[in-house]
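Next come the structures, one after another.
There are two complexes below, and they share subunit A, which is joined by subunit B in the first and by subunit C in the second.
Right after this comes the complex of A and B.
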């Protein structure tokens, strides 16, 4: 029954946020365009034949970067920025009274944004295929299913990490600088700019113990049909979620106790 | 006399924005660490490209580091001045506070472009200069007067182009109201400034020298460092910079004609 209630609330939130997001279509289209860095990277890789040394063919590499683009599109998280603004302006107080954790609101916001973003991402992919017709492929249903799940798990991991950082707002008021710091390893180690297989040995030896390669590299490899360990990757993603979730609950309950509303 | 007045006003700007930024000291510290990590990350990415290759696009690793250094300086300037100020235009227009700017007995472009400063970007500029002086050492560049004048002229031109690009995009807010994300698109395009222009395919090279002159921004100053640059290129960059500055100024004055303040 409780889960039923949450479902209904979440569904309503989702509907509200979706219509809200549709309002700003151009804005979301621009967000989608700003994610094209993987294609520039692909251009460097193939134009200089850098992929020969890591034994990935041009076609597979272009699929990899296209998938990296897709995974990134559907795992972008900005909860810390929204939460920081709301907490600085004192908007968190009314949210706290509502019989649902405010993070559900942000969660619905992100999901609604992803749904709005989907057609724009498809258009960009369409242009990509026109320019690179040889890289067209159709992943089989099982792979598609697993990669959607792993993309969603990647989104969840990032959402949890950022929510934990966002909760630091209760103490420092400005937590977005911590997020900008965390974004650096996410950018360089997640596989957005270069596939993790191409990393030097001294990095590869420890990187699989961190959450970073499971954010983009693993789902992108899975979807693009590059070699990867499906069960290992998925279980690592789930493991990270299980590690981060209690931490979030803890910091949330500590933070709300600490919270003193602005302007009241 | 006029210049003295502007200098005096700018001193006041510096004073107030430093005071407000130093309010969040931990924030500042974290931003400094972020700047350092960001540079390490970029060099790491570059080292992946050069792992098994002597050169990409005709540039050796130690030469490509020069581009990295110049990019870091320009990025630092962007973070110190352009980003905090020009994203503010969006806020001014949405909330109608641009009225107050226009009413002041001071040039509106001056006020809007230089009001704020983010001190953490200054460290990035210093890091960039450190990297450049290291590059001068490992590339055995002969530092003489003509080298210094030419390189500073080209870097100043790059700054002008960069500023105009940012200012152009921010000005469009007057029509579109929400162009927060357009600057994000520009940011992602600027990302390619980290790499030598020759490492991209021909079509991208054309795109980034004709439509958005990002190519000029880092590649031409780096060529000066290596003594590869032709005088026509320097002249061209100078011309492009002047045209951009001039048109961005004209565009601002033109756009202001369309400004109807909010709720009045």
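Right after this comes the complex of A and C.
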């Protein structure tokens, strides 16, 4: 059953969503460009020589932020906003009576957008290397493989967290406000603004107990070739997925009982 | 004999609704302490529907028709009572149950807006585990029945409302469901599109013996498709039975406009014991009970010199309109 789902349903969903995404070429390009926060942060770090305090060279830091940009491009999630809108307008009703969980649609939508973003992200990386030629490096195949896996796991964690928050729409209608609360720790603790290594030791030990550093910091460090515990990081990502998935299932099952199908 | 495919017993549904007074004071009060109250929108209703039946749900806006359909298809959870649809509890949304039903809402769409409908059809086909060959066959058959072959490859956003509705119908029927829940399927369609849709539904019902539950504010939908109607008034069933019987009950008399050869004949007719509605020169309108229409006509034709005669049925919208505001019909 699961293989059938992945082989046929998800593949067709992905194909259709990809066709849909290609209708929005300009938007995709703009969204890709809008994810350049890591480059601003790189600028702030290097201009103020902040990297010296954490013993990371300019080159390694620039690679880290480029990788953070890449990881962010392929793990960004907005399911809470899509689901909230669909739920409030009653658009989710036809999906609820189909023999596939509606979240698979959103999942495919995200994957399709990631595929569409890929060429734009490469173009941005190309320009980055023109401006910072000393940062050019080619990760070995093993590292690249684990980085792709870890970026996908990061996407899964974020997708599950947001899906859980999205399900709160069944109770609060405006679940995206709760997501805003989560955005703050995601921004500061994920490694998007600063590598987690730059935090004080006692803070770091706490941060590593949360899912946030496994969203950007771990995959970006892995891809950029910085020293990192690959098996430990991947295990933590998998652990978070195992913790979040049953929670999502439970909240989904309770939430659908509360669904009022308003707007339809 | 057809068995019951839908069995509803003592079904009720309540919603928690928050209310807010107008003005700044009301807004602040609403922000600090929200007043919510539970409103029972469906009140202890029971009915059965047999396989292959087409049943129309009638009621004013907010009467609860759509809520009933939503509970029948498993979209919302009932507060009390039981529902069995094709032997399943709808709200459990089991795969086999979902593959057996469909819900079409006139004002909501499931087609992907920027893509041609054919993409949504193949997507639905894979969601319902149809292989490509079977999906192609069904799309061909349904698109011919619905007469939308050419529109399959045009982006949904460029289709007219009628073409979109037909495409919605195709998307919702690709898995050949046995039970169709249609919530105002002809909403916003022009007269021809409405007629075509009704013809299609009749044909679909005839060919597949599918059960159809329908709500509509267009009386033509109800009269041409449904033999049985369930009238819903403020969440309760006010009538459940044959449409024909309801119409007879609500409209026990017919009006006959008689054009006499002379005014003298009209005066004679006026004084012959019929209930006269009005008389203008040689034209007279009388009211006759349905049961005595044949005998009355015989009397008139045998005893008076008649030039022309018209039997008028009261407009069906007017009759049904009375149902929507009345609480109970004891037939």
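Keep this in mind: the second predicted complex is superposed on the first by the 257 of 264 C-alpha atoms of A that agree within 3 Å, B and C clash if a C-alpha of one lies under 4 Å from a C-alpha of the other, contacts with A are read in each partner's own complex, and residues count from 1 in each chain.
Just so it is clear, a residue touches a chain if its C-beta (ideal position, glycine included) is under 8 Å from a C-beta of that chain, and two chains touch if they have at least 3 such contacts.
Quick caveat, the model's predicted, so the values are computed rather than measured.
By the touch criterion stated above, A:90 is placed in contact with subunit C alone, subunit B being left untouched.
In the superposed model, A:165 lies in contact with neither subunit B nor subunit C.
Of the two partner chains placed by the overlay, only subunit C lies in contact with A:259; subunit B stays clear of it.
When the two complexes are overlaid on their common chain A, residue A:60 makes contact with neither subunit B nor subunit C. By the document's definition of touching, neither partner reaches A:71: not subunit B, not subunit C. By the touch criterion stated above, A:156 is placed in contact with neither subunit B nor subunit C.
In the superposition on chain A, A:30 makes contact with subunit B only, not with subunit C. In the superposition on the C-alpha atoms of chain A, the part of subunit A touched by subunit B in one complex and by subunit C in the other spans residues 24.
The residues of subunit A lying in touch with subunit B in their complex are 24, 26-27, 30-31, 33-37, 40, 43-44, 47-48, 50, 53, 172-174, 177-178, 180-181, 184-185, 187-188, 193-194, 198-200, 203. Within the complex, the subunit A residues that touch subunit C are 4, 8-9, 11-13, 16, 19-20, 23-24, 90-91, 93-100, 256-261, 264.
Per the touch definition, subunit C reaches subunit A in the complex via residues 15, 70, 73-77, 91, 93, 95, 98-99, 101-103, 105, 107-110, 112, 114-115, 119-120, 122-124, 126-129, 172. Of all the residues in subunit B, the ones that touch subunit A in their complex are 24, 26-27, 30-31, 33-34, 37-38, 41-42, 44-45, 47-49, 51-53, 56-57, 176, 178-182, 184-185, 187-188, 191-192, 195, 199-201, 204.
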